[in-house]
Amino acid sequence: MIYLPILFPLAMAAVTFASTSNRWRPWLLPLGAIGHLGLVLAIVCQPADRGPVSGLGGWLLLDPLGKVILGFLSVLFFLCSLYAPGYLALRADRPNRVFCTNLFGSLATMTLVTLSHHLGLMWVAMEATTLVSAPSIYFNHSARSLEATWKYLLVGSVGISLALLGSLFLAYSALKSGLDTTLLFDQLIKDAPHLSPPWLHAAFALLFVGYGTKMGLAPMHTWKPDAYGEAPGIVGTLLAAGVTSCAFLAVLRVYQICRAGTEAEFAREIMISMGLLSMAVAAVFMVRQRDFKRMLAYSSIEHMGILVLGVGIGGMAVYGALLHLINNGLTKGVLFLSAGNIHRAYGSKLTDDVRGALQRVPLSGALFLVGYLAIAGSPPFGPFVSEFTIVSAAIDSGQFLAGGLFLLFLGVVFIGMGATVLAVVLGNPSKKIKPTAFHDNVSTGGPILLFVALVLVLGLFIPAPLESLLGEAAAQLGLSR
Amino acid sequence: MTTVIHHTIHVLLALSLPPLLLGVIAKTKAQFAGRVGPPVLQPYYDLVKLFQKGSVYSTTTTWVFRAGPVVGLVTAALAVLMIPLANSSAPVSFTGDPILFAYLLGLGRFFTASAALDTGSPFEGMGAAREVTFTCLAEPAFFLGLLVLAKLSGTLQMGTMLGAAVAHHWSSAGASLALVLVSWFIVLLVENSRIPFDDPNTHLELTMIHEVMVLDHSGPAFGMILYGASLKLFIFGALIARLIFPPTNGDPWLDWPIFVLSTLAVAVMIGVIESTMARLRMTHVPVLLVTACLFSAFGIILLVR
Amino acid sequence: MVQIFDVLIILVVALNFVALGVSRIRGVINAVALQGVLLGTFPLFVHSQIGRRVILLIVVTIVLKGRVIPVFLVQAMREANIRHQVKPVVSFVSSLLLGAVGTGLAMMFSHTLPLTKEHSDMLLVPASLSTVWTGFLMLTSRREAIMQVLGFLLLENGILLFGLLLLEAMPFLVEAGVLLDLFTGVFVMGIIIHHINREFDSISTEHLSKLKE
Amino acid sequence: MTERLVLLALIIAAMSGVPGLLFHRNSTAGQWIAVLLSVASSSLGITGLGLFWALGDSQPITLPWRLPGAEFSVAVDGLSAIFLLPVFLISVLGNIYGLGYWNQTKHPQNGRKLRLFYGLLTAGMAVVVIARNGILFLFGWEIMALSAFFLITTEDDKKEVRNAGWIYLVATHTATLCLFAVFALLRAASGSFALVPFENHGIEPAMATTIFMLGLVGFGIKAGIMPLHVWLPSAHTVAPSHVSAVMSGVIIKMGIYGQFRLTSLLPTPPLEWGAIVLGLGAVSGVLGVAFAIAQHDLKRLLAYHSIENIGIILLGLGLALIGRSLGRADLIVLGLSGGLLHVLNHALFKSLLFLSAGSVIHGAHTREIDELGGLAKVMPWTAMCFLVGAVAICGLPPLNGFVSEFLIYLGLFGTLGQEGQVPFAGAAFAAAALALIGALAAACFVKVYGAVFLGVARSQHAQQSHESGPTMIGALSVLVACCFLIGLAPLLIVPILEMGIAAWAPDLNEKGHRIAALAPLNWITVMGLLLIATLLLVGMWLRARLRKGGVAATVTWGCGYMAPTPRIQYTSSSFAQMLVGLFGWALRPRMRQPTHMTLFPRRADFHSEVADTVLDKAILPTFRFGAWLFSWFRVFQQGNIQTYLLYIFVALIALLLWR
C-alpha cells in the first residue's frame, strides 16, 4: 500500500514519456494527480487501529508529520495539474514531453521524501527531487532559464552534499556512543540523549545548512529568485510549495532528533535567528523589486523563514508553522499561477511594462491582488491564522524580541511587496507594450480560484480532521496539548 | 417675586442701555478732541431712523445675507440674558453658561461673516477674514480667563464666577484677576472692533474689520447690526464692570445704579483709550492677542502652580 | 599498514593543493582523478575483512572517479573549445595559502570531535574536512563552470573520506550515497554544461550572471 | 434578540453587493437590489439597537470556532450600540445617496465593485464593534480595512487615487500589525483572546502600558490622530463622496471604538495615560483644523476636519481616563458622554458635509474651492444642508456639535477641582485648546461656505452646476433632521450615553453619577428653542419692515469700483492667509509670490499650497531613505554564483562556531 503513491507517479511518468501527442499529453497530469490524490487519501485516512503504514522494513513509514505534508503535496499537485493543460496549450510551440515527465518524477520523489523514515533514504529522495525538478526550470530554453537552472543545480547540489556529510556526522555520533546505527528516525530520537554532543552539534549545523539551502533560507537562498523568476508559474508553485515543504520536513526530522537530544537549545536558537534573518533579507530585497516573479521568490524566502522561526519559537508556534506550511503553499499557488498568467498576458514580468492588470486580465489581476493580501497575513485568509498563531505564541512565551521583529519584517515585506503588486494590478495598461493573445479563461483561472477557495476556507476554520492531524504532528515536535 | 423683578430690570436695562454706551464713548472722544460732539442719545436717534428706512440689496446676495443681521442681533440678545448684571444671577443661568454664551456669540459671528462673503465684495471678504482670524486668538484668551474665575469660584456659572466673592478674590489672588482683567479688556476691544484693533470711524475700507463687513447692509438690517454691536459692547462692558466692581454692598437695589455707573465708566475708559492710542498695524494685532492669551494663561498658572 | 594508510591520506591532502595550484584545467582534472583513484583504494585499509562487495565498490569507485568522469569532463572541454588555462578569481598563491589555512583549521576543528577507539589515530577526519574546504575554495574562486564541477568533485571526495569511517557500521549505504550523488550530479551538470556551451560558446560562468538585482 | 438581529443585518449588508455582480454592467437593477438590501439590513440593525436601548435586551452569542484561540463570540453592550448606530445609519444613507451620486449607468466600470466592498465594509465594521474575541475582532477589522482600500481605489485609473490608496494600505496594515501585537499581548496577560476586563492587579503595569501604547498607535492610525493621520487626507479626498462620508463618519470611529474598548478592558490606568490621550487630542484638534484652513480642495479640507474632531473625541476619552486615575466619577461621566456623543455627532454632521460636498462635486465637477462660488443660488438645498453641517461641526448652538463639546468643556473645567476633589489642573488648558479649535473651525467653515456657496461663481464649472436629485437630497435631509434633534433635545440621547458609560465603567450609574445631574442639558433645549423662536420672530419682523420700507436691488457696492468681476472676490486662500501665516510653523506652506514690482508690473500671480507636513517632511523621506539603504544590500545578489556558494560556506562555518 505504501509503495503505490510512489510507484504510481513513476508509472505515469513512463506513460507520459511514451505518449507522442504534444497536445494531449498534458491531460495525463490531472489524471495522474487524481490517482495520486486517491492513493494518498487512502493511506492518510487509514484508521489507526490497522497499525502504522510502513514498508521496506521500516524505512518507509507514514507518521502524522508525513501525513500532513504528503496530503498537502498531493492536493497541491492536483490543483497545479489542473492548471497545466491550459498553460501548456498556450505554450504549444514548446515540446512538453520532458516537462510533463519531470512533473510526475517530482511528485514521486517528493512523495518518497514524506514517506521515508530513514535518514539516508530521505537524503536520497531529496537529492532526486533536486535533479528531477531541474529540467523543468529550463522549460523555456532561454539563456536566462539556463543560467537559473545552472545556479539551482549547483547551489542545490552543494547544499545536498553538505546534508550528506551532516547525515554521516549524525551516524557517527551514534557510532561514537556505541549505539545502533540503523538511522531510522524512531531509533535516532530514542537514542538522541545518548548521541555524542559535538558530533550532533556539527551534524545539525551541516544538515540545517544543507536542507536549508533546499528550503531557501537566507543566506543560502540565492538560487531562489533566479529559479523562480525564470521557471513557468506552475513549476514555481511546485518548487515554492512542494520541494521547499519537503526540505522543511527534512529540517523538522533533524530538529526532532536534536530536540530529543542535547542540542535542543542550540537548534532553536539557530532556527529563530535564521528564520528572522531570512525574513529580513527577503524584506530588504522586496523593496523596490521591479520583477514581480522574483518578488514572489523573495516572498517564498520570507515564508520559509517564518516556518523555521515558528518551529524555533516552540509551543503553539509549531502548530502555527505546520499550518503555515499549508497556507503558504496554497497561497503561493495563487500568486505564482496568477503571476504566470499576467506574465503571459504582457510578455513581460517587469513593473515598468506591466500595469493595469485588473483591466487587462481582470481575473488574474484580482487573484494576484488577493494572493498578495492573503500572503501578507490579512484576515480572512489562511496565512493570517498561522502567522498570528506564531506571533501570539512568541509573545506568550516571552520571546518579545522575536515577536516584535517578526511583526516588523511582516510590515516591511507588506510595503515592499505591495508597491510592486499594486503597480502591476492598478492603473491603465501601458500603451507601449503590445498585448499578447492571452485572455482569462476557465482553464487558466479556474484552478487558481480553487486555490483561493482553499486559502479562504483555511482562514475561516480548520476542518476537524486536519486540526487533529496538525495537532498530532505538532506533538511530534514538542507541542503538548 | 424679587427675582422676577430683578430679571425684568435685567431685560429692560440690557435692551435699553447699550446704545447709550456708544453715545458715551463718542462723547468722551469728542471731549478729548475738544469738540462738542453728538448728543449722548445720538445712537438711539440713528436706530430709529434706520428702522424706518427702505433697503437696498445686492443682486448677488441670497437669504444668508438677510439672515446675517438677524442672527447677529438675536444671538447677542440671548447672550445678554446670560450675563450677570447687578443681580446675583442672570435670567438664564446654569452650570456651563459661559460656554453657551461664548458659542452663541460665535454663531452670530459665523452668520455675520457669511453674510459679508455673500456680497462677493473683496472688501467685505477681507473684513470677514480678519474678524474670524482675530476671534481665533480672542476666544482662547476669554476661556483662559474663565478658567481663572472657575478655579477661584469653584463653579462654572457666570453669576457665581463674577459674584460677590470676586471682591474677596481681589485680595487673595489679585495678580491673577488683574491679568484676567487686562486680557479680557483686550478681548473687549477686539471683539467690538475698537482702537487699537480697528477704527470704527475710519473710511479706509482696506484697514477696517467690522465696519467693512457690513458695507452692503442698509435700512432696518443695518439698524439691527448697529444695535447688535452695541449689545455686544454692553455685554463685554458689563463683564469688565462686574470684574472691577463686584456687587458687594449687600443691598440688591443699590447694586443696579452702581452697575450702570460702572458700565458707563468702562465706556468712558474705552473712549479714553480710543482718544489716546493709535490703531495698530494689522500685522501686529495677533501679537497683542497672543499676549492677552498669555496673560490669562499666566493667571491660571499662578493659581494652580 | 597504518603508516601506509597515513601516507596515502597525506597524499590525498597534497593533491588538494595540486588542484588548487595547477593552472591548466587538464592538470586539475588529473589531480582530482588521481585523488579519486586513491580514495577508491581506501576501503582496503579500513575494512577488516575484504569481501566481494568491497571489491566491487573499489572497482566501481576507481572506474568512475578515475576514468569515466575525467573522460567526460575532457570531452566537454574539448567540445567547448575553451581556454585551457584556469582564470581564477583569487590568485593561485592566495588559493594555496587559503588552502593551507583551511587544512590547519580542519585539523583544529577535528580535535573537538571525539572519535571511537579504533579511529582515534586516523587522519581521516582532518583530511576529509580539509578536502571539503578545498572543494569549497575551488567552487568559490574559479570562474569556469568545469572548474566548479571539479570543486564539487573535491567536495564529494571529502565526504567520501569521512564516509570511510562509517563503512563498517553502515556498509554500502555510504558509498552508494556518495556515488549516487556524484554520478547524478555530475551527469546532470554535464548536460547543463553542454547546453551552456551551445548557448554561449563558452563555459565561463561570466556569462551566467545576468540574473541579479 | 439584539445580537441576532445585528448579525442578520450584517450578513445582509455583506451580501448586498453580490447580486449586482450578476447583472450587466449597464443595468441599474443590481444597484436597486443593493439599496433595498441595505435598507433591510439597516432597519433590522437599528431595530435591534432599539430593542437593546429600550429593553436592555442582550444575549451574547458564543459559538466554538475551529481556529487556534478563536471563539465566535459576539455581544452588544452600551458601547457597541453607540458605535453600531452610525454603522447602520450612515451606510444605508450612503447607499441611497449613491443612487444619484454614483449611478451604475454613469459608472459602469466600477459601480459593481464599489457596492460589493461597500456592503462588506458595513459588515466588517459591525463585526468589529460586536466582537468579543480578539481574532474575530481582527477579522472584522481587516475586512473593514481592505474593503475601504478597494473603495478608495474605486477610480484606480487616476494616479492620485492610486497614491492615496497605497498610502492608506501601508498605514492600515501598520495599524493591523500593531493590533496583532496588542491582542497577542492581551492573550499573554489574560490567557485567552476573549475580550473581558482585567481584574485590578490582574496585569502587570508595564504590560498594561505596552498594550495601551500599541493600541494607541494601532487604533490611532485608523482614527487619524495627528501625527498618525498621514493616510487620511488623501484617502478621504479621492474616494467617492458617499464612501468618504462612511470613512470619515464611521470607519475612523472604529479606531476610536478600539481605544474605548481597550481602555475599558485594562485596569485603572496611571495618570499619564489620560494626559497623553488628552495631549494628543489637543494636538490633533488644533493642528487638524489648522491644516484644514489651509486647504483649497473641498474634500481634503473636510478630511482634516475629521482629524480635528477625532481630537475632540480624544479629549473626552482623556478626561475619562484621568477621571478613572483620580477616582473622579464626574470626569468619567462627562468625558465619556462628551466623547461618545461626539462620536455620534461627528458621524452625523461629517457625513452630512461630505455628502453635501459630493453633491457640489456632482453638480459642478470640481473639488477646487477657488473655482466654485455662488452655488447657493443654483443648489439651494445642498447649500442649506451644508450650512447645517457647517454650523454643527463648529460646535455652535442650536445643533448637535455644541452638546458634545459642552459636555467636554464641563469635564475639562472640572479638572480644576472643587473642594474635596482631586484636581489635575494641567488638563484644564485643554479647554482653551478646545476654544481655539472651535474658533478655528468657525473661521474655516465661514471660508468654505462663503467661497463655495456664496458670492458669485468663479468659473464655468460653478456657473453650469445643477442641483442634485431627490435621493441625494433625501439622504442629506435625514442627517439634517438628526443634527437638529440631538442639538435641541439632547436629553433624548442621554439614556443611550449612560448605557455606553455603564459598559466602560460599570458601577457609576448605580452610584448615582448621572449625566443629567452633572450637565444642565435641559437648559440647552430651552435656549435652543428660544434661539430658534427669536430668530423666527425677528426674521419675520424684518421681513415685515422690509415690505413696508421698500427694497431696491443693485450690484454689490464695490467702494467706488465700477466694473466688478467674479475674480475680484476674496478667495478661500486669501481668506485663510493670515491664519495660515499664524500656523506657518506647523503647516509649512509653499508659496509662490511675485518678488519685485517694477513701474509697470507684469502679470503676476500668487500661489500657496499646504501639503501634509508629517507625510511629506517625515514619513516619505524616511521611506525613501529606507529604500535607498536597502538598495545598498543589492550588492549581495549580483548574479555571481561563486559568491553565492561563499555565503553557504560562511553560514556553515558560522553555525559550526555558534556558542
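The chains carry the letters A, B, C and D, assigned in the order they are written, with residues numbered from 1 in each.
The rule is short, and it goes like this: contacts are C-beta pairs under 8 Å (C-beta built on N, C-alpha and C of every residue); 3 or more make two chains touch, one makes a residue touch a chain.
Computed from a predicted model, the values in this text were never measured in an experiment.
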item: Shortest path length from subunit A to subunit C (each step joins two touching chains); value: 1
item: Nearest-to-centre chain - CA centroid comparison; value: D
item: Selected interface, A-D versus C-D, where C-beta contact pairs are more numerous; value: A-D
item: Where subunit C and subunit D are represented by their mean Cα positions, the distance between them in whole Å; value: 70
item: Chain centre separation (subunit A, subunit B; CA means) in Å; value: 77
item: Centroid spacing, where centroids are CA-atom means, of subunit B and subunit C in whole angstrom; value: 99
item: For subunit A paired with subunit D, centre-to-centre distance based on mean C-alpha positions, whole Å; value: 43
item: Residues of subunit A engaged with two or more neighbouring chains; value: 147, 150-151, 154, 158, 202, 225-226, 285
item: Where subunit D touches two or more other chains at once, by residue number; value: 634, 637, 639, 641, 643, 645, 656
item: Residues within subunit B bordering two or more other chains; value: none
item: Pairs of chains satisfying the touch condition; value: A-C, A-D, B-D, C-D
item: Subunit A partner contacts - residues on subunit C that touch it in the complex; value: 112-116, 132, 139, 145, 148, 152, 155-156, 158-159, 162-163, 165-166, 169-170, 173-174, 177-178, 180-181, 184-185, 188-189, 192, 195-196, 199-200, 205, 207-211, 213
item: Of subunit A, residues touching subunit C in the complex; value: 120, 123-124, 127-128, 131, 134, 138, 143-144, 146-151, 153-154, 157-158, 160-161, 164-165, 167-169, 171-172, 175-176, 178, 181, 183, 196, 198-199, 202, 225-226, 229-230, 285
item: For the subunit D and subunit C complex, residues of the former touching the latter; value: 634, 637-643, 645-646, 649, 656
item: Contact set on subunit C toward subunit D in their complex; value: 89, 109, 136, 139-143, 148, 205, 208-213
item: Subunit D contact footprint on subunit A (complex, rising order); value: 147, 150-151, 154-155, 158-159, 162, 201-202, 204-206, 208-209, 212-213, 219-220, 222-223, 225-226, 266, 269-270, 281, 284-285, 287-288, 316, 319-320, 323, 356, 358-359, 373, 376, 378-380, 384-385, 388-389, 391-392, 394-396, 398, 403-404, 407, 410-411, 414-415, 418-419, 422, 426-428, 460-464, 467
